[in-house]
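Per-chain numbering from 1; labels A, B, C, D and E assigned in written order.
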Amino acid sequence: MSPLAVEVEQVSKRFRVDGHIVHALDGVSLHAAEGEFVSLVGPSGCGKSTLLNLICGLMEPDSGTIRLQGDTLPRLGRVGLMPQQDLLMPWRRVMDNLLLGPEIQRRDRQEAEQEAQALLPLFGLEGFAQSYPSQLSGGMRQRAALLRTMLAHPTVLALDEPFGALDALTRRGMRDWLLQVWERFGQTVLFVTHDVDEAIYLSDRVLVISSRPGTVALEVNVPLPRPRIQTQLDTLEAAHIRHRLLTALGL
Amino acid sequence: MSPLAVEVEQVSKRFRVDGHIVHALDGVSLHAAEGEFVSLVGPSGCGKSTLLNLICGLMEPDSGTIRLQGDTLPRLGRVGLMPQQDLLMPWRRVMDNLLLGPEIQRRDRQEAEQEAQALLPLFGLEGFAQSYPSQLSGGMRQRAALLRTMLAHPTVLALDEPFGALDALTRRGMRDWLLQVWERFGQTVLFVTHDVDEAIYLSDRVLVISSRPGTVALEVNVPLPRPRIQTQLDTLEAAHIRHRLLTALGL
Amino acid sequence: MRPRFYRAFRQALPAVALIVGLLALWELLARLLDIQEWLLPAPSAVWSAGIDSLQLLWPHVVRTLVETLLGFAVALMAGLGLGIAIDLSPLLRRAIYPLLVASQTVPTIAIAPLLVIWFGYGLLPKIIVVGLVCFFPVVVNTADGLRSASSDLLALLRTMGATRGDLFFKVRLPSALPMIFTGIKVAITYSVVGAIMGEWVGASRGLGIFMLRATNSFRTDWVFVSIFVSAVLSLGLFGLVNVVERLLQPWRFGRQEHWEELSK
Amino acid sequence: MRPRFYRAFRQALPAVALIVGLLALWELLARLLDIQEWLLPAPSAVWSAGIDSLQLLWPHVVRTLVETLLGFAVALMAGLGLGIAIDLSPLLRRAIYPLLVASQTVPTIAIAPLLVIWFGYGLLPKIIVVGLVCFFPVVVNTADGLRSASSDLLALLRTMGATRGDLFFKVRLPSALPMIFTGIKVAITYSVVGAIMGEWVGASRGLGIFMLRATNSFRTDWVFVSIFVSAVLSLGLFGLVNVVERLLQPWRFGRQEHWEELSK
Amino acid sequence: KRPQELEPVVLTLDWVPNTNHTGFYVALEKGWYAEQGLAVEIQVPADPSAALKQVAAGNTPFGVSFQDEVTVARASGIPVVSIAAIVQHNTSAIASLASAGIESAADFEGKTYASFGLPIERPLLQGLMQCEGADIDQLEFVDVGYDTFPALVAGRADLIWIYQGWDGVQAELMGVELNTVPLYGDCVPDYYTPVIIAGESTLAERSELVSRFLAATERGYSYAIEHPVEAADILIKHSPESDAQLVRASQAWLSDHYQADAPRWGVQNPTVWRTFVDWMVANGLLSEPIDADAAFSNAYLAE
């Protein structure tokens, strides 16, 4: 058996905020198998972004261990993160922002640019390749940030509310595109969202994080067959899962 | 009859993006009566934020007119805007960020601070009054930005996806709080959202903006009785409205 | 108190080590190469000359320090004022910027006679020279810093009905603070030399005078003593500015969180 | 071409107007108050002296310009290099920063004999003096600018497996550019005076020498001619830096959109 | 000789070119250095004490300095020797505006003196004043650096040190009437200012070079003595930034003073050196006497 792509074991994380201690995560354990799509839902401020940051290697846990592909080697550069704040570089045009990953990986620029160019229409960024980020709408910025993450071709993806600023239609398009890509390339995906339906539609497994200090409150498998279609969300099975998730979330 | 709080008449707006012209809004007309709650939904990049910016007086339309309370006087300072990007000041602690409005209005700081203090728990910001924005989670930042807007006590509110980064539970709480405040103080609200249910739940009227160049594609009244409760969304009437809106949005 | 002191000590260690190392090297070279003392005295010679001339030096140092501080205060006010004025008015920027640049190209000694004629030998001409030498970095950094404020944030405040003053004090100034302090750090570094140059215009007391007299009597050791003293003064003032910078910008220099620490 | 020229003209108008106004005032005062010419010549006198001495002046100007440019190039490289080094290594920051500050407190004339003995009367000592005078603002602005990069952005790049070099060239440097240019603007303003001071160490040609000789012959009009020339040189160089700044940062100085225009 | 065979020699002046230096430029212009096999290069520093340091450091073989400076330097162990007096007597004077009515050193009391900041100034003025029974403590000193003239004219100082052959002439040209109290007289000892100096090692190891240099230089000054007008033109040619009118007038004044009552140009009188050393010791300018005879030499001047 191949090792798990991501293993988080009993991880705790505290922050010091102006004197008092904020207990962000408390003994969180989770894992994602190679090629698995795992979603994280949970109240705002429960530590989801912190968890992704820890997994990416941007922080070290105060206690507990994190393994990628079975090892505890440095994690930076092994997980593709799409941060919650889009963090586009104001001094780079959209296209140059998109090509950040390929650039860092010293990949052929022309090839990467062709790939990006081909995806621009799907991301609703056609005609904006040469504009600066300040000239984009909120949703366009978010889509640019997602495209930037994807163009780095990571094998493990950590996406922090990638569709938060998108309308339902655009969102659906992006979802389906993400699933297509995922099915083709088999990345491992950690997906933070506030939309329970979205989590069900996309994931193999959904984790509910409890409010601060964050712990795993519930873990639900989503055994809906793939490829997924929108109407599967209207099945009884989906309704059941939705109910369990909403209950765990206190709704 | 008292004049309309907001009147937008045949407004067009174009941007110049690296040589070519982006036609953001094309002949948009809309209005909001005194104390009315109007939501705007539409695809990402269709010009919703641009419309709010125009109404606030941050930009002038290329053609068309905008009236507030029946006049065409300068609009700056007359509409409380919550921008899509939270724009918290990194050099101010959370509390000082919240008190920006009262400060600019030269109101008594102590009073305003008491008001803010009392609202912190509801906004999930208890214990974070003295931290810096960089120490907040994405959703906490958004809530702080909303609270900042509300503390300025504007009579016309322009809220640009105020709940975008919030989980369903927090979101519901915020919605209900917003409705309460609105019912008590009777502000005129322009509300941008991607969530059709949210628009129905909150609004007197919902406008669908078509994709770029933005025009008003559909206008739907929401005759559900107030005060609203969650279950009203399950009524046939709501379903009907939802259907019309989703169809207009292409879903 | 203990750990704090220890930390300060550790902070200063590399600089002290480097300086001591360089002095040792210099001493060694001076002895090995047998460099004439009047040309380049060994540190040990400078040190003993310093000890000997302490009493002699003291009034000069006080005088120069006074000139430095007063002149710097003037430079700071002029620099901030002009920087702000330039930022507020594009017209003023275009009108006055070239003059400010030009003002920096006038060597002090070229206008020394005028200074003496108009202002005599008192404190005033020295203050003017220090001011002229120091204000420019403050102006440029202030003007550029104020311009760097986020236009989105400014827009937000304007929707709240902010006055120009609000925009300035609540957004532009805080955004500009880091750059302003950079300018102040450059300026304060020049201030002591400015005072010394001011003294050369004409004075009877001050480090510059001491230096001049020492040069004329081939007391190179004393020249180096005064260079050393002026370096110490400059370092002290520079350090002071650094402390103020940290105090005024807690959001930049607060206790580092894990995140920030790592992301360095 | 036409409107562009017209725009440039309109841009320059306020400065030209102000300068012409000041010159007129000065001319008036000089005539009314009957100020002796050797003390403060009227602009008209300076002008005709300038015309007369053009031929004489020319080789001096060329020489000073060469020194200025070479010295500034050195200062730029040293400044950027040191600023970067300081930013990269906290140890280096603590070790070397005090020395840099101290280096600015040594008056040129105090080390002039050493410079001549070690480097002779050629170009080298002037380049060194210009370098010493100019590198400091570049160092401080570079170091502070590099530190101002967004830590979130740096973190993002690190998750992509960015090397230190990537972080530097893709985030730190672009973020620091505005401040670096501010430093360069201050430095280039000092460079011409630096060259003049360098010439005073010992030279046979250059604006500084011209100025010295003119002073000694009580030809104050010539002194002012050389001040005027050095001001023009400085302004030209300053303007050049501004142009480069704009070219290198299109995202800051691009054609203004409506939004940005208003939010000013 | 062809130019490339000439021996390169550097001469560092004390200050920008002026009529004190005319002889050098004449010798250069007339090719007399070249005749001696020398390619002389003249350097101009901004600091009057720079030349002595350069010579002492062996960086340049010849320089222009002053007797007082040489004496202090030798007392500090700096091995330089004065090898020729450019001007025979001290041409300095204490000047005041004629309108101030200061006729003699007795009137210095209660006045302000704009000083270069040299240690020698105070005892010299003291000597002048004592002669007239005045008290030096009644005279205020202000260090002004080298640009004292404007201070006087603007009334910021009452007394300044001038070189009659330069500042004095200039004042005359400008129509500023000055009262002067010359330093050369009975109240204070005379001394040579300026002088040509060389390092002891140069004298020991390259004495023949020194003689050749001085031979050409002496020719230059002799020419300047005899042909002030032509000599002035040569200086102007080499220092076109100097005011021509001033140079000509100064040259006319100074040409008579180069040699004055001396048997030949450049010769230094041992008594002048000895008296001056004693005077310096007596006034605390030297802590110990130095060997005055070693501080100068006439040996390199042609017989």
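Everything that follows uses one rule, which is that a contact is a pair of C-beta atoms (placed from the backbone, for glycine too) under 8 Å apart; a residue touches a chain by one contact, two chains touch by 3 or more.
All values derive from a computational prediction rather than experimental measurement.
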Chain pair with more C-beta contacts, A-D versus D-E: D-E
Using C-alpha centres only, name the chain that sits farthest from subunit B. E
In whole angstrom, what separates the CA-based centres of subunit B and subunit C? 49
Dist(centroid_CA(subunit C), centroid_CA(subunit E)) in Å evaluates to 39
Using mean CA coordinates as chain centres, what's the gap between subunit B and subunit E in Å? 86
Overlap residues in subunit D, where contacts from two or more other chains coincide: 39, 109, 113, 117, 152, 155, 158, 208, 215, 257, 259, 262-263
Each of the following residues of subunit E touches two or more other chains, namely 47, 53, 57, 147, 149-150, 153-154
In subunit B, what residues contact two or more other chains? 15, 53, 58, 85, 135
Sort out for me which residues of subunit B touch subunit C in the complex. 53, 56-58, 76-81, 83, 85, 87, 89-92, 100-101, 103-105, 132, 134-135, 152
The residues of subunit A that touch subunit B in their complex are 15, 17-20, 22, 41-45, 47-50, 84-85, 93, 124, 127-128, 130-131, 135-140, 143, 160-161, 164-172, 194-196, 246, 249-251
Listed in rising order, subunit E residues that touch subunit D in their complex are 12, 15-18, 42-47, 50, 53-54, 57, 59, 147, 149-150, 153-154, 170, 174, 239-243, 246-247
Which part of subunit D faces subunit C closely enough to touch in the complex? 11-15, 17-19, 22, 39-40, 91-92, 94-99, 101-102, 104-107, 109-110, 113-114, 117, 136-137, 140-141, 144-145, 148, 151-152, 154-155, 158, 178-179, 181-183, 185-186, 189-190, 192-193, 196-197, 208, 211, 215, 223, 227, 230-231, 233-235, 238, 259-260, 262-264
Report the residues of subunit D in contact with subunit E in the complex, numbered from low to high. 36, 38-39, 56, 109, 112-113, 116-117, 120-121, 199-204, 208-210, 212-219, 222
